[in-house]
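So, here's a batch of structures to check.
The same subunit A turns up in both complexes below, where it pairs with subunit B and then with subunit C.
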Partner chain A sequence: MHNYIFLISILLVTYYMVIVKRLPALVGGFRLQSLFLFFITVSFAFSEKESALYIVAGLIFLLKVILIPSFLTGITKKIKVNENLGLFLNPQLSIFIVLLLTYLSYLFTFKMMSFADKMQSVTFALTLCVTLTGLFMMIFRLKAITQIIGLMVMENGLFLLAVTMCKGMPFLVEISIFLDVFISVIILGIFVYRINTLFTHIDVNKLTNLRG
Partner chain B sequence: MIEITLSILQVIIITAIAPLLSGIITKIKNNLRFRRGQSIFQPYYNFEKLFSKEEVISKHASWIFRVTPFIVLASSVAASLMVPAFVSLAKTQLAGDLLLLIFLFSLGRFFLALAALDTGSSFGGMGSSREMFISSLAEVTAILSIFAVCLNLGTTNLGAISLHSAVKLSNIIAAGSLFMVILAETSRIPIDNQETHLELTMIHEAMVLEYSGRSLALIEFASYIKQIVFFSLIGTILMPAFISTSLVHNFTVFSAYAVKLLALCVLVSFIEVHLAKMRLFRAVDFFSFSFVLALVAIILAVLGV
Partner chain C sequence: MILLCILSIPLLFTLAPFFVKELRSLGRLNAIGHLAVLVAVFYFALTTTLPVKFFDFFYVDALSVFFLFVISVVTFAASLFSIDYINEDASSGFISERKAKLYYVLFNFFSFSMLLVPMVSNLGMVWVGIELTTLASAFLVGFYNNKTSIEAAWKYIIICSVGIIFALLGTTIFYYAVSQAAAKTLNWHEIVPLAKNLDANTVKIAFLFILVGYGTKAGIAPMHTWLPDAHSQAISPVSAMLSGVLLKTAIYAILRFSIITNACVGVDFTSNLFILFGIISLIISCGFILVQKRIKRFLAYSSIEHIGVIVTGLGFGGLGAYGALLHIFNHAVTKSFMFFGAARVVKKYKKDNLNVIKGVLSAMPFCGVMLVLGMFAISGMPPFSIFFSELFILISGFSQGRYFISGLFLALLAVIFGAIVYHLSRILFGKKPESLKPGSEALSTKLSFLFLLIFMCLVGIKVPVFLNKIILAALEILKGVSHGL
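Then we have the complex of A and B:
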């Protein structure tokens, strides 16, 4: 039951992230999603008695709940783009498309895959939906920062799949941690680039600092 | 026969305590702002005042204007017959359909909007246009969220809702969605504000601006009944236990009902104190979120969670 609650919360937060119009709310949504991911990992670690999953959960909490969102918030404050998220589609249309994606993942899970356990099929459908939503956010958002968050949402979905389906298979788990680090490197790279391009217009002093 | 007596008794109790609910919400709100506030019986005093006052009707108004308060009140009372508050009527088939409940309320709303247009005042027209805008968004969500609950039970009979026992996740989410609709339907703060009569923001108040005296009292009474009907509905969905199926001489059932209503009152007053009113066109975002919640509830009901 509590696993269901966490899963549904992740799904709801994902929908919330599709609807929101402001960058801080999007980052907050990502933080919340990662928090529920942390909860679900801890719960699986407890039920499967897998000590490695506790470490993974700790890493999720450290990286995705604390470090990356605060880093993103700091960047948003610096580049001052709070208002405009760069929406390619308006929120209403995007949420309908995402609901359609949910229906498709439901169809895929229940027609194509055959799980013995009902919990497993529900989990698979929801994680597929979260992953597809991340893909959607990457495609239909114009700003670089929202595309990064879309990528992180996708990665959260994949990670959720690994934890809930494979019960903490060491190889997948480690791969996902590596992916985490990799993504944070990408974030750093793209944001350094972004600050660089923005500060050419804002602060000449910093521009000279950055370019050496 | 005894079921009919019970249902009539239930309607009498619901309508009697309906204005008290608003009084309690106002009191809690004032206490949250560190004010003493008016007595919780203030709505009853207002009725007394309004009934003793003379009624002024514009000479341009037609029969629709005169007949509307009675239609609005009658539709609200009819809706209160249907909702399972503390007596379940599922076995007697007296309890109506969920669609009937929604359409009874929209009947009242339709006539209220007509009456607001009837007098030809500009505020009335503005109010009814806004009310139609809000209700076209709210009705869909209300139907969908109750539909999610009914999907778990396999029937649209409202009385059956009170008889299910398992607490399901889809029911809780549907209740959350319904709660957002209720905030709009009872003209609470993120959508409308009951405390102010500012021309730019009022929706429900703009429609009833032309009414006075006894008619105003009837319309206010109808909106109190609407509020308690929705609160009972959400209380039954969230906490389906504590419904008596046989005799009414059951103190715990009634006190559980009172606790449900009080909890909802506290929640509503917290929301009213802590949120600001939205712009009218931001209401679309509010409703799209509650619509999504209702759809999630339906997805979960289909998945069987």
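Then we have the complex of A and C:
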């Protein structure tokens, strides 16, 4: 039962992230989403008696709840970027599209996939929805940092899938993926700095030197 | 143990820039290191009975060896080409000495990550390896740190990361399917025998995600949008590596998954998808090649074309798959060759516009001749190697009665042939600008051209016994992908 609560919370936080207009709120949303991911991992580790999952949960807490959000906040402060996200689509339209994506994910799961377990169907649909929403955020938000967060949201969706459906990936793989994710966030952060110094903004829609 | 040597050489050489002061000797040392890697791969392929398996982490069979060979050939050529190229950049003050050394660190890390991909046995680790190649090469794409290169690097890393997340989604679904069949493993050689027990529907959906995900990294249209930017903005020896081998590591990952998928749901599913995406890549690249104005961008679009050829060949199977594997090698060699040529031209003229550059043959005799040869090689003229691999693919298409697809394939190749010859002959011939003095190239640069040229001609005349043997053994593993030879 509590697993459903965590899942619903993740979904709600995802919706929240779509409608916020300011960067700190978005980072906060991401932190909250990761926190629920942490809870659900711990709960699965407990019910499935998989000790490896506890370590995964610890890593989620360390990286996704603490380090990555603080790193992103640090960048925003340092480059003194305008905190407005600059939405291509207003919140009303955005939430409408994301609700549509949710519906499509459900449709896809129940028509295309054949899960025996209802819980699995729900989590799969939710994962798909969170991943697609991450993609949506990457496309329809202007700032480079939002693209990083969109990427992280997509990854959260994936971790959710790995934890709830496969009881985690093989341990070595899981650790390497975490390491990779962390390095990629740092490298993306470095590039945000460089974009800011070269272009004096981080609006990705204005990066249009290369065409055709 | 040789395998560990192959991996540890580039890893050790990431440290070399901290010990070697002089830039030129650093470059030479680097080239020697990569020669050692090439020799080691060659020696390994000749002496070892495959497959080799150790630590439950590495698993190397003929398919892996084939990709290792392609990677090591191109990285060696690129390291040879880098010596003079980087040295010139540094001595002309274009980049600082420190940055030049950083180049060698990143170069080695990049080649390490590419060599890792075909060696690991775990599909999850393959994913990690491919993500590492993105991370290692992102700085090499944005190396010059100007507006266009940073923009290209940003697009590169973002688009490839999104793609690769879909690949991870596919991998996770695969893993779910496997764990449903009561096995907790992602080692592909353990999954293949189980493939029949997997749920067909789940595997199909997983493969779709895999194809879109790794396809992004492989530059399959319509997921190719990062490719022209990254390949044209990257520092030139790295452009050669990106086009020549980075794309192929992603193809390798797709192949591994398609072996399992085919064993589970039959060959038609993947085969049709491959042909569809292959033809789309050919059509899109054909349009863009016709209208390109910049030389490296033009070569980048040509890479998309060749990836289209490879994927279509894999779709045909049989002789087509043989052609596709051969084409992977031929394209790697020839495209690197072309990027080297383009790099020299851009450096000499300080321009990259195809409309402006004139008279390369008279301004740069050596490079000019090489570019003429390369032009015919890359557009698929006999006696160069690309002609033959494309011919194999076509024969297999026609002999299977796929007349429409094969006809379209042939027509698109013909148009692209015309476009390539048109674009390159404009810059090769004509009167050179008065201000340019004809000059020759450094020995190491010449050697890198000649090294690749040997392969281009040799494979065209007769596929070397060594290469033929690996490709046939690799095909044996791909059985299932192909409709049988």
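Quick note on the criterion: the second predicted complex is superposed on the first by the 170 of 212 C-alpha atoms of A that agree within 3 Å, B and C clash if a C-alpha of one lies under 4 Å from a C-alpha of the other, contacts with A are read in each partner's own complex, and residues count from 1 in each chain.
Following the convention adopted for this analysis, contacts are C-beta pairs under 8 Å (C-beta built on N, C-alpha and C of every residue); 3 or more make two chains touch, one makes a residue touch a chain.
Note that this is a predicted model, so its numbers are computed, not measured.
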Subunit B versus subunit C as contact partner of A:149, first or second or both or neither: neither
First, second, both or neither for A:165, with subunit B first and subunit C second: second
Partner chain in contact with A:92 - subunit B first, subunit C second, else both or neither: first
First, second, both or neither for A:101, with subunit B first and subunit C second: neither
Subunit B or subunit C, by number of subunit A residues touched: C
A:125 touches, of subunit B and subunit C: first, second, both or neither? first
Partner chain in contact with A:19 - subunit B first, subunit C second, else both or neither: first
Partner chain in contact with A:11 - subunit B first, subunit C second, else both or neither: first
Which superposed partner A:112 touches (first subunit B, second subunit C, both, neither): second
Subunit A positions touched by subunit B in one structure and by subunit C in the second: none
Of subunit C, residues touching subunit A in the complex: 57, 122, 124-125, 127-128, 131-132, 134-135, 138-139, 142, 145-148, 150-155, 157-158, 161-162, 165, 168-169, 172-173, 175-176, 179, 184-186, 199, 201-202, 205, 228-229, 232-233, 288, 291-292
Complex interface listing, subunit A residues touching subunit C: 112-114, 131, 135, 138, 144, 147, 151, 154-155, 158, 161-162, 165-167, 169-170, 172-174, 176-177, 180, 183-184, 187-188, 191, 194-195, 198-199, 204, 207, 209-210, 212
Subunit B - residues contacting subunit A, complex: 169, 173, 284-285, 288-289, 292-293, 295-296, 299-300, 302-305
Footprint of subunit B on subunit A - complex, ascending: 1, 4-5, 8, 11-12, 15-16, 19, 21, 91-92, 95, 99, 102, 106, 118, 122, 125
